[in-house]
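Each of the next two complexes has chain A plus one other chain: chain B in the first, chain C in the second.
Moving on, here comes the complex of A and B:
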């Protein structure tokens, strides 16, 4: 069944996967080439350039997660999920199959980024004092993809009722945040929560930190 | 009598104005059951309840011996479904759709699926998005048949199909049923469509089951009787169901009845009513009169 599901999702999303894989392959190469050229081959400026380019990695991971999760569910959504619901398997199992097949589609994207990172670093005469992290960057990208895809998949798979509950909770949180600010202007609830989520051991930790292909 | 589908006290409020009310269906195993009713009477909603796509507000559904919703996957494993609208993945080819569908059914017959693809004149490499309405209907039936189901649930499968495609679909369906002895539950709003091959019929109107009986009984018991000298109110309890009384020219009246037997003329004689003529009502007229009487009673 998983094989059939992977095949189904590949048929439905291969254009998207190929386009995103090209972007993942190109990003490290373009960042190093452009950064090296525009920094005038000065190391401090080169590192700053790479740090700026580093913002594109989580952005690409988010783009991949959202577009792929949406594409995976698009066909079922168009058919009001009737075909899926008539298959002789429990609903949770169908969702799990969709999720696992989605993870398989993420693999070529991580590989493309890893390949791009290896090509980018091997094509540059590494100045003394700098180190390259193509494998670590690919792993970090993979973890970020895993996390963001999980979130986007859950949202895309959720029923209207579940989405409604989620939206109400977000609304309630914002209302509490405003109330807290009015009572104690120095307290920023959103910032506190975001920091807790995005720093270790928060669940969004893979998205934070430095996304450096080359660093000291 | 074992049943392939059984509902008890099924209720479902689809909207403020429409609800399925206290539905008690019994589809005998091996029957070709025609589920008749005018458009919007609740046939598709009932089918969705039977297949676990909707959760009833009250009542129970038993499908192939499995209670829903707990036994839904087991029940669906033995049920081939042709829904009212095709919900296939449009980017797949015919062959992809067969491969995907077959992966979920242990009894899937791939060899037969290939043969039937040829017989239905479907091109394996054609995208589903590019199929005509008739081709899509054939593909839906092909998918349902090749999983070798014990029960086929078909929601208006012939709707909008040309006579050639209709015949192809019907032939394939009847071939399968004659070979496998499967139960068929087929809905339609066209009486003559079901008349030819169904041996049981259930009539639905305004969310309620009006009648459920063998087709032979439904077909033979509907009569139009021309009488004279009938009183304003029918005397006593007639041994048949009086669906309608129409006043004719002069003293004559036309009675539309269900459950008629020739020996029932005695009841008219004892009531002082002269029977002038007894005529068979064709199935469509019988269906219309049945609905008319049901609506008059409901009002």
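Moving on, here comes the complex of A and C:
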């Protein structure tokens, strides 16, 4: 059944996968070649430019995750999940099959980025002190995709009722935050939550750090 | 009377004038200069509320009200740091005085506190002492670490002013200790590994002759050797030599008054220049991060959170 699910999802999303794969292939090549052409003689500046380009990797991962998660569930939403309800399998198994098929769709994107990183770093005349990380970067991108796809998939798989409850909880949190900040201006709940999510061991912490294809 | 007639009469009646006495002007300028210096010295030497807080091995720290709490800590940090490179040496026999000053504090149109200061002096603190009194932001004096670092930066400038001419000319920088150790070493490491010239690349590969050329110590004679490292890298080498040489490294360096930079560095470090260069290079390369963009703990964290999110997704997914 997994193969059937993969074929079904590929039919619906292949154009998105191809477009995003091209972006993933081009990103490392453009980042390195652009920086090398303009700052090849000033490597510290080249590394700073490369570090700025590194912000595009988690951004691309987020874009891929949200796009594919929405596309995977688009047909079910259009048909009000009637097809899924007719299938003689438990709900959780159906969702799991969708998820695993979605992961298979992510593989070409990770491979495209890895290929782009290898092409970008080949034939560059690097000083001996600098090191290249095409494989590590591709693995990190893949793991970031896994995390962000899981988040987007969970939201996309939720029912309208569940999403409505989620939005109400967010609204309530914002209302509490405003009330707290009026009573105690130094207390910032939103900042506290963002810090907790983005620092160790929060889920967004591994998405930070250096996304450097070439580094010291 | 017409103007031309008036002009002729004035010319005719003009006689020799007494020569001006420049001495009076000179004395006046001298008195003003002395008065200005007296006011400046008073400002440098003493804030009315500053009190001596602690003494340690020939150093005295004094501070006004707001900074008394950190004064002793600042003294300890400053003394430990400066001994690491300069030992017991002072910029001059007459001592020194560095006063960090901050301005008044205002809040909603009201003055909440007057100017504050924190001073470190090297005994004897006489009238001929070197004095520095920079204005600093409040945040510098808010932390003992930052205050000590700023004092150390100013102290480095004083020490460099008394260094041999060859070292001063080679270093081309105002202060050795302007940056913290970590940021200086990281900057030097970056410069070392990102050098694009032939000598710079060979230095990373372990050729001490190339290192000497890239650091401006000794010319290699190779026309294709390429450029040199920035002054920050030279400062790092000099401090590495002083640290290697121990307590009397600075004194030995000062003794090489008319020697070359290579001789001065070797004297300071207590070893041949080539050995110093290779040791310094190895030290910088050891600062390179030992991992790339990915580490195992981050990968484990991602897998853990992904499993949790999947379980949550399977649980909350509902059709109606």
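Methods note: the second predicted complex is superposed on the first by the 213 of 216 C-alpha atoms of A that agree within 3 Å, B and C clash if a C-alpha of one lies under 4 Å from a C-alpha of the other, contacts with A are read in each partner's own complex, and residues count from 1 in each chain.
Note that in this section a residue touches a chain if its C-beta (ideal position, glycine included) is under 8 Å from a C-beta of that chain, and two chains touch if they have at least 3 such contacts.
A quick note: this is a predicted structure, and the numbers were derived from the prediction, not measured.
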For this session: Using the superposition on chain A, decide if chain B and chain C clash or fit.
Result: fit
Exercise. So, A:201: does it touch chain B (first), chain C (second), both, or neither?
Worked result: second
Exercise. Does chain A have more residues touched by chain B or by chain C?
Worked result: C
Exercise. Where does A:185 make contact in the superposed view: on chain B (first), on chain C (second), on both, or on neither?
Worked result: neither
For this session: Could you tell me if A:47 is touching chain B, chain C, both of them or neither one (first, second, both, neither)?
Result: second
Exercise. What is the contact status of A:143 with respect to chain B (first) and chain C (second): first, second, both, or neither?
Worked result: second
Exercise. Which of the two partners, first being chain B and second being chain C, lies in contact with A:96: first, second, both, or neither?
Worked result: second
For this session: Applying the touch criterion given at the start, work out whether A:3 contacts chain B, chain C, both or neither, answering first, second, both or neither.
Result: first
Exercise. When the shared chain A is used to line up the two structures, what angle, as a multiple of 10 degrees, is there at the CA centre of chain A toward chain B and chain C?
Worked result: 160
Seminar exercise, completed: When the two complexes are superposed, chain B comes to within a least CA distance of chain C, in Å, of 8
Exercise. Which chain A residues come up in both lists, the one for chain B and the one for chain C?
Worked result: 85
Seminar exercise, completed: The answer for chain B against chain A in the complex is residues 51-53, 72-74, 76-77, 81, 83, 87-92, 96, 99-100, 103-105
For this session: Could you pull out which chain C residues touch chain A in their complex?
Result: 189-196, 200-201, 204-205, 285, 288-289, 292-294, 298-299, 301-303, 305-306, 309-310, 312-314, 316-320
Exercise. Can you list the residues on chain A that touch chain C in the complex?
Worked result: 40-44, 46-47, 81, 84-85, 91-92, 95-96, 99, 127-131, 133, 136-137, 139-140, 143-144, 146-147, 150-151, 153-154, 157-159, 161-162, 200-201, 203, 205-206, 209-212, 215-216
Exercise. Contact residues on chain A for chain B in the complex?
Worked result: 1, 3-4, 7-8, 11-12, 75, 78-80, 82-83, 85-90
